[in-house]
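We call the chains A, B, C and D, going by the order they appear; numbering starts again at 1 in every chain.
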């Protein structure tokens, strides 16, 4: 795929005039400080090519994209038993809605809405102190990306801790339904740190490559999950990965993906490549405005949509 | 793919001992009479092979699968303007829920829940008397399948008309929000007839082949929709095709698909084949119990999942 | 109570400068034609005095106030068995909400929201053709008011029939849950006619006097219901009589009452008097703007609030 | 009213054979220890008579009844401005529902559901440390009842603090909507202590007498609120005082009242008397089973219903 870099470059030059579009997330004070005029994209193919444009090397707060890695860890620990604690259906509601949680007695709809991710974090914590669980995740992500330089941004974690009332509400609500084993502060402590993982597009694309490559990272040779589990995580990303904009993302882009309010989107072209894009300005449903546009361009120009070329 | 027939045969022999599982839909009296001990499956590949097992030639009531054909017609008439009338997000609710409709002021969440399909039917009817709209759909499906023998089962249509109070409620509700242009009885008249389309697995797989083949039917040479539209219809089936079981179907099967309460499921392996399976017994979320099992087997044994092999 | 007329006069002169406030209901075309610059009020005391101001003799469409009379008829027919068909709790939702109905499987929350009133109408119809049920209600109201001149406005009934999609939705929804015994069109035929009852303030105050006087009309000597039932109907009016503005009405006025979108409000001062007020302009929650103000003045100036003087 | 004691005695002897009915609240461990075989009732008339039966002198946890006193304090501090922070409509949902809170952006429906009471507590705390606010409430209730012996049960307060996840969720949820000025732990600290107020039926009836007597306590001569405010608090109790059983209580008893999960019910016969009843066993909607029965008997035998005699 000699022309993949050319495709990436063409996307970049189409995006450049629009840089700054969208609105930086402001509900986490630390994120609100980020300069919106940034855009980066990285693609790692299953045969080991790496392509980059723009700010692909600048680390950003991956926020909800971390839910993919925590889900992978949790499935590794308890397997399909995880689905007693969280569902697998799209929510049809905003990402932090508490309504569905009440209607369904404390079982969140899927692992990618906040409540579900908090339940997943609780599962990962079994037998660990909070600090250990955070350490385990960090080691896991570094192992996936084969990059020891990946860190957690403590300032962002602290910023969320101070303003995350809604997540505190969700966690206590689940605890009231006995769907949380650990103390709320411990679970949220881990949760806010996982969201504060700081990674560049390239690091992210490398870390998620196993999902494009039948569960193993062809660049490191590490086997992470079975091919079946890789498919299933991809399925969850496609149906639930963008909150109440999941249908729209599938319609326009056609790739399994997961977005974060830091402006990152991670996507998978099964059997072909993993992709990470970042631009801090968000659209109305809370996904990176230019990130989504760039992925739609990529899918259109490569024919990588899982729904046909 | 010489061994595709062998794969199909192996699925059939694995399914046979379980025949009769599930519960036949009883809310439409005419459907309740169907013998549950039936199973058929047909696959038509994009290169023109046809494979069959079991009762693949017996016509059954395709019910909600008809929504895929009506959606195709509606997009042909009004293009992307359709999305002013209906959304593209999974509903997170049961197929005939009226709650979401109220919260969102009469705009149904997607074209595959009943309310959304009724809105789509209203769009298709523009400029037509009900009888003409039914005729148009029938001609369209016969054209897609290249089979003039396809009919509508009037008894089933009448049976639904007499018991479809909930659909009458949905339609009047949308009319109250001015999201229905034609008289409720006319729209529902067409809607109940489209649901009563009677097709065999083979007819269904042939009719839907264009969705696996970039929008054109390679067996007839007919161009139906653009490649882009075919992808988009597939995306909608994957995220919304099975009501509140869509996430689960994507997780286990990994193919765009649409189910009907008559026990049929239509699925697409983009670039490879279209598939139809039928067995009248339904599971708890209202999809064919054995049909879903057979498709999961097929995806596992062929590696056709869109989420990786 | 020699000064009751003086009190009424003082209210009238305070209201006059504000005449025309509020917005006439426009969702029923026939009601939209009513001149908003009208105001009338009538009080009938349990000891037989009648006081009037303004347009107290002009007949208007009583709309939902008719629900009080139908409830009285239904309780007469099936007694406390009625509560299997409809609840007794405030709805916490708008008057025509269908959401609660789904959550509670077709049992409306109370007899004064539209769905509940439709169920009550269905109960009253038992053993009657629609025309007979309408006749029975008309005879009943004439008997209560001791006035054979009361009529039903067919134009209004027809106007509602043509635009009442939401009520058609509610009725079909209940029918789907088997909480309607008669055909939807029959029940709604009666329902729309009962809403089209045309009465003046004085007729209305006379007709409802039994609720202020332990179940009997002291002016005619007719015994209508037991004292206990009169209390209970009053209790229902206080908690549920003004849709989602019931709490507010109790807070400001402190009398059991029932409003209608025609601009009428009927209220009861138990043991003292029955009151009817009419002014077509509605406030934001759909009750007569000046009618509510006048009743608040009346309660404040007479000390009639049931919550203390 | 020489025979009021006789009426009370007759109620007591009718209740005695049923003692132990209902189920003691078990979600607060400390309350679960209470012996269910207790029943007490006290009536204080506006002309200064005090009547008692059974365990009328045993202190119990008044729980949500405290919301009436806190509401009175809050109205005293900010007047009608309170209604920017909390609504005045019945909720149509269970007492601790979080759903409505989301639909209405953090403004609870009324001051008697938990969320609303927490908002009221936040208002009362303005300018106070938590300990001071608790002290202020205790002084206020002692002043109302003219009884310095009233205390707060610290064990109960601690028990709630350890298990009140749902209230923590509600408070954080409101904080997320900026409808809470103080730190969540502070507000809930006060809230759990107010719920742990320990009072006997007689103390409670005395403390609430001002609501029956135009805002002043005739036994102490203390003026607490204006007559108008007394009426309004009574109106709120009638429409919202028993969570989703308010309509039912109005229907059967016909008096403004407020229940608590400790098994107490406080009620007001405006212009006549204040009443407190206590029996720990709860009915299905969370109100004292025998307490509600006793109040229905009292209203029926005295003709005190506000809806007519």
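Rule of thumb we're sticking to: contacts are C-beta pairs under 8 Å (C-beta built on N, C-alpha and C of every residue); 3 or more make two chains touch, one makes a residue touch a chain.
Chain by chain, the UniProt names read as follows: A, B, C, D = Glutaminase.
Computed from a predicted structure; not experimentally measured.
Undergrad: Chains in contact with chain B and with chain D: which ones?
TA: Under the touch definition, chain B and chain D have A, C as mutual neighbours.
Undergrad: Note whether the interface between chain A and chain B is symmetric in residue numbering, meaning over half of all numbers used appear on both sides, and answer same or different.
TA: same
Undergrad: Chain A to chain B: how many Å between their CA centres?
TA: Taking the mean C-alpha position of each chain, the two centres sit 32 Å apart.
Undergrad: Report the inter-centroid distance (CA atoms only) between chain A and chain D in whole Å.
TA: 47
Undergrad: Could you list which residues of chain C touch at least two other chains?
TA: In chain C, no residue touches two or more other chains.
Undergrad: Dump the list of chain pairs that touch, please.
TA: Per the contact definition above, the touching pairs are A-B, A-D, B-C, C-D.
Undergrad: Tell me, which parts of chain C touch chain D in their complex?
TA: Answer in residue numbers: 87-93, 100, 109-110, 211-212, 214, 227-228, 230-232, 234-236, 238-240, 244-248, 250-251, 254, 256, 270-271, 300, 305-309.
Undergrad: Could you please specify the touching residues of chain C with respect to chain B in the complex?
TA: 97-99, 102-103, 165-166, 168-173, 175-176, 184
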